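Shared between the two complexes below is subunit A, which pairs with subunit B and subunit C, respectively.
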Partner chain A sequence: MKTRGSFGSKLFDAVNIGLMIVLIVVMTYPLIYVFSASISDNAMVMSGQVVLWPRSVTLVAYERLLSNPDVWISYWNTIRYTAVHTLLTLIVTSAMAYPLAKKWLPGRKTILLMAAFTLLFSGGMIPTFLIVQNLGLLNTIWAIVLPSLVSTWHLFIMRTFFEALPEELEDAATIDGCSSLQVLIRIVLPLSLPVLVSIGLFTAVNQWNSFFDALIYLNERSMYPLQIMVRNIIIASSNVQGEGNTAYIETLKYAMITIATVPILCVYPFVQKYFVQGAMIGGIKG
Partner chain B sequence: MRKRTMAVTLASVMLGGLVAGCSGKGGAQDAKGAGAGSQKPITFTWLVYDRPEGKVKTDWEIFKQIEAKTGVKIDWQVVSQEGFTEKRQIMIATNSVTDIIQPSNQEARENGPEKVFLNLKDYLNKAPNLKKFFETYPEAKAVATGADGGIYDVPVLEGDKAGKGFNYIWMVRKDLMDKYNLKPPTNTEEFYQFLKALKQQQPDTFPLSVNTPATGDVGLYTVFGKMFTGITGFFNQSPNGEKWEFAPYNSGYKDALVYMNKLYSEKLLDPEFYLLTGAQWEERFLKGKSSVTVLVESGSEPADGQSEEGRRGCGFQPGRHSRVRRKRHQELPVLAGARRQLRPRHFGQSEGQGQSRPISGLPCQRRRHQLFVARH
Partner chain C sequence: MKRSMLKKHKALYLLMLPGILYYIIFKYVPMYGVIIAFQNFSIGRGIMGSKFVGLKHFVDFFVNTPDAWKLIRNTVMLNLYDLLFRFPAPIVLALLFHEIRSKRFKRFVQSVSYMPHFLSTVVIAGIMVTFLSQQTGIVNHMLSWLGFERILFLGKPEWFRTIYISSEIWQTVGWGTILYLAAIAGVDPTLYEAAKIDGANRFQQMRHVTLVGMVPVMIVLFVLTLGHFMETGFQKIILLYNSMTYETADVLNTFVYRRGILSADFSFATAVGLFQAAIGFILVVTANRVVKKYSDTSLW
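After this line comes the complex of A and B, so read on.
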């Protein structure tokens, strides 16, 4: 259908496009800048001559980082933590959300109330630390994964999604001989892909970017995730006290950011379609 | 039973004595655990941090020496620098501290009585060096003593005779000095002329800019106050006597204020000096908006490295003049020795008004930005 827009609608389009372009620039500029700075010469970056495109291209910062075994260890740790955390989160959250979506579940209100309680109140850092410590989880992957396994927010989104699925499907599956668990795994979860993917993505990005749990629960360098390293390089090196060679330190920051960001950035486009769907669905029905 | 931690704030000088203290404690434990005469190596945990320019490596010679000389193995728990304080606070709050840790004196005093740290008082007889240290420097004992009278850490005494040392240095763009043929100033009047000359050459700049709080160890008031009164900070020993003096009561302090006002009103001092963030301050210099600054001294070599004073590192200057100060940065003990006090350079005493006083600095080349200290 072809419509000749009025002046008003043309103006709207123009403003709209202009605004979007501004937004795109605002969003992409930092990404490009960080990348440009990471492959530019340190002196150029320090003196502010790198504005958009790299100057005096050199890969020395990357060489330095990639030849550092700590980066690879941290990388592996981050991947490990993220994968395990995301997987377990999805399993546990869906296992809790599914029964809670059933109206006939005894004590449903109470359980929901208790879950909602944790949205507003938490034990605080020190008590949580003490629990983790007494469970003997310190300095293990479980200290990172377990305390933040179920996010109440995600639980509610998922429960809302499950509630919206037609009950008849499950009835049909039951008549065909499915147990409750089979209904969940064979019928409900495949139909809930959007919500699973978006919650998985939320969790993964969160875990990828988190440093604080690692900081307080882990004691060994060989256990540290990438973000600890990123933080160290970016925050602490702005205050280098002068010993050692600091001639590459500015580009090093940007190279580190690039290295730490690219993988998670790559995931986004592939889950985009689920992401939009999933994020919306929880909202409308909630 | 939870092992309690020995809280130490180390100076390199103390290392030998301290670790001896530790092994005394460990020995006792060992005897209880595995029976006397057991040679099983004792392992202590020790919280340290990585610096961004170089990480802690377990094969450092000093670690080997500690092990060789004490027979104690250290399990280094390494956190990154910016997370160090947080980690330490959580460890203290949850009573899960490493066996050896470097808390602030306040943390040690407050948490020692809660049984987070070991009461060193009970062990002083086994550690003669430590005992002597506390006897010689009652101020060290004072800052380490908790509410219950126990001693909970080994403080670092920084400072030197009458607090006349400097933990800051003046820096100036050497290229500009060469370009405009400026001589390093040696007194306040020359310093004023120096800034003025810079301002004349580059009217749109503020030659002097600082990135420190106005007060505090290296604050502008401290620096200029000291220039004119000789007193470090607001309350300290006067430069020429035994007396403790409140700096603003000193006649020179007004001169300092007048002088600062002069710099400020002639825009020689950055009008925003009070508000600058670290990044803004850095930008001032990178963009050439400013060219002179005063910085915390931390890594420079002592001018008289070979003298008695130099070798003593950051510790223990003779008795009554010593100043006890909390360390600004928690340092690796190994690196603690590098934080030497600068050699005292005396400011002229506050004599007649209008008389110029020498300003101080120390030759020291610093990292980037082509900033160099004005040499005398």
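After this line comes the complex of A and C, so read on.
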């Protein structure tokens, strides 16, 4: 759009930039405050003397958290749930999407319909819970990984991506004696890296952030993921060791939020591109 | 013939096997499991051995549960508020983003606004709980500096919907603009030229060209939102509500969670869940039909 230079147009720009600055403040202030509060003196935080910047900097809340074995265990749990979930999801989804991209495969339509049907209908919370319980998965990593293993949207996105790949390459490989599995691993997947990375990141961030499956399927402390720890410390307000110690009762909460969020915020600048890409593919198909 | 087909493509079918098993075990078996809504299900007897009781649990809910009406009202209200306030927010923001002249500033604001999307529900609820705390939260400190009374935000039913919807907007507004911006990018630039020649100022261009270009995406997202109409955000509600705010915060899904998972009242909870899913299904089908009739965009 060319600059018209009229007064109205300039006013429009000024108001817009003003609104955007408000937006930036609203989006970042809570996170800055959380971080400042987490390294400030507890009394200062409780009495409202910390507004933006930290006051009387101290790391006592972090020391407290990091000396708690439960925090480390939950961190490790989240890492392994995320890693296993992402890896299995990519394997199972791509293995299922690849044959579905073959338009000539008998039975393809039926299977696609079977998957699409689940977008409209589901058994709901309780019947799913009963299956997980019946299979004896409660309190295992599989209760977290298996019930949400394949996302139908992701399956369709991947299938669409595979369909667009040139068939000649695969034919050539088949003539050279590659099996279907070899074609998938050696030809198709390397060409599909963008979509694999997008879907892998979506799955990983979702799993890192999820808490509800853990809430209903896990009740052993040693299995809790990070998000459940955060919930217990802040929302259910059960203190980790030392009920009501005034040196860190409030700042502990802010430190816990920070610890749970930092990994996501660290990778965020690098993965944002893939996410936007993924959201677009999903959106266009959806 | 069929057997030879299977043999020929055996490898391909084998590749699909784990995925198909997933769908059967975790999607279709639970769908079959919905029949426990019509039984007096007990874990010991299983689905096969439990007695059928017809619509007993539905009657129990509608006639004998004093909270039934409240739950339905809260579910509908919270979702209406969601449609009314959260749904339009990214549309407005996308329009504003589009009008930013500096490319670098635009990219920066976008990145900042996407960020909350990546925070977990627990973290966002945690931020709300700590910020809104009556004695120690920063929001109440600010209120008291300005001379207002401190408010027990999370203990007052009249505040719950506001708190819930604002946190939803904060989290989703930026990310929600992505699809709208893609739609705007697809608008034919000559339309702007034509509008300018017709003497449209920037505000008029925004209304008659940009906004109109976003309509198909709006329709699709609207129908999709209606598809989740009955289940919106109950994970966040579980984190934010408490018995003091049940009056406005308790929805069908949170009730299903408490009765089904916490009290192990499986059949009754499944019946309530089924009622909720049925309403949701009717809504999305109706919305899609209406949309199809009045425009050329629809979900299916």
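Rule of thumb we're sticking to: the second predicted complex is superposed on the first by the 229 of 286 C-alpha atoms of A that agree within 3 Å, B and C clash if a C-alpha of one lies under 4 Å from a C-alpha of the other, contacts with A are read in each partner's own complex, and residues count from 1 in each chain.
Basically, a contact is a pair of C-beta atoms (placed from the backbone, for glycine too) under 8 Å apart; a residue touches a chain by one contact, two chains touch by 3 or more.
Computed from a predicted model, the values in this text were never measured in an experiment.
Legend: residue contacts after superposition of the two complexes on their common chain; A:188 is shown touching neither subunit B nor subunit C. The wider contact with subunit A, measured as residues touched, comes from C rather than the other of subunit B and subunit C.
Look at A:70: by the touch rule set out above, it reaches subunit B but stays clear of subunit C.
In the superposed pair of complexes, A:216 makes contact with subunit B and with subunit C alike. Contacts of A:259 after superposition on the shared chain: neither subunit B nor subunit C is touched. In the superposition on chain A, contact of A:235 is made with both subunit B and subunit C.
By the touch criterion stated above, A:130 is placed in contact with subunit B and with subunit C alike. Overlap of the subunit B and subunit C contact sets on subunit A: residues 46-48, 125-126, 129-130, 133, 211, 215-216, 228, 231, 235. On the side of subunit A, the complex with subunit C involves touching residues 1, 3-4, 6, 8-9, 12-13, 16-17, 19-20, 23-24, 26-28, 30-31, 33-34, 45-48, 50-51, 91-93, 95-96, 98-100, 102, 105-107, 111, 114-115, 118, 120-131, 133, 135, 146-147, 149-150, 155, 179-181, 184, 205, 208-212, 215-216, 227-228, 230-231, 234-235, 250, 253-254, 256-257, 260-261, 264-265, 268-269, 272, 275-276, 279-280, 283-284, 286. Considering their complex, residues 50-55, 77-83, 86-87, 90, 93-94, 96, 278-279, 286-287, 298-299, 329, 338, 366-368 of subunit B touch subunit A. Put simply, subunit C touches subunit A in their complex at residues 5, 9, 11-13, 15-16, 18-20, 22-23, 25-34, 36, 43, 93, 96, 99-101, 105, 109, 111-116, 118-123, 125-127, 129-131, 135-136, 138, 141-142, 144-145, 170, 174-175, 178-179, 182, 192, 201-203, 217, 220, 224, 227, 235, 238-239, 253, 256-257, 260-261, 266, 269-270, 273-274, 277, 281, 284. The part of subunit A that touches subunit B in the complex is made up of residues 46-48, 70, 125-126, 129-130, 133, 138, 211, 215-216, 219-221, 224, 228-229, 231-233, 235-247, 249.
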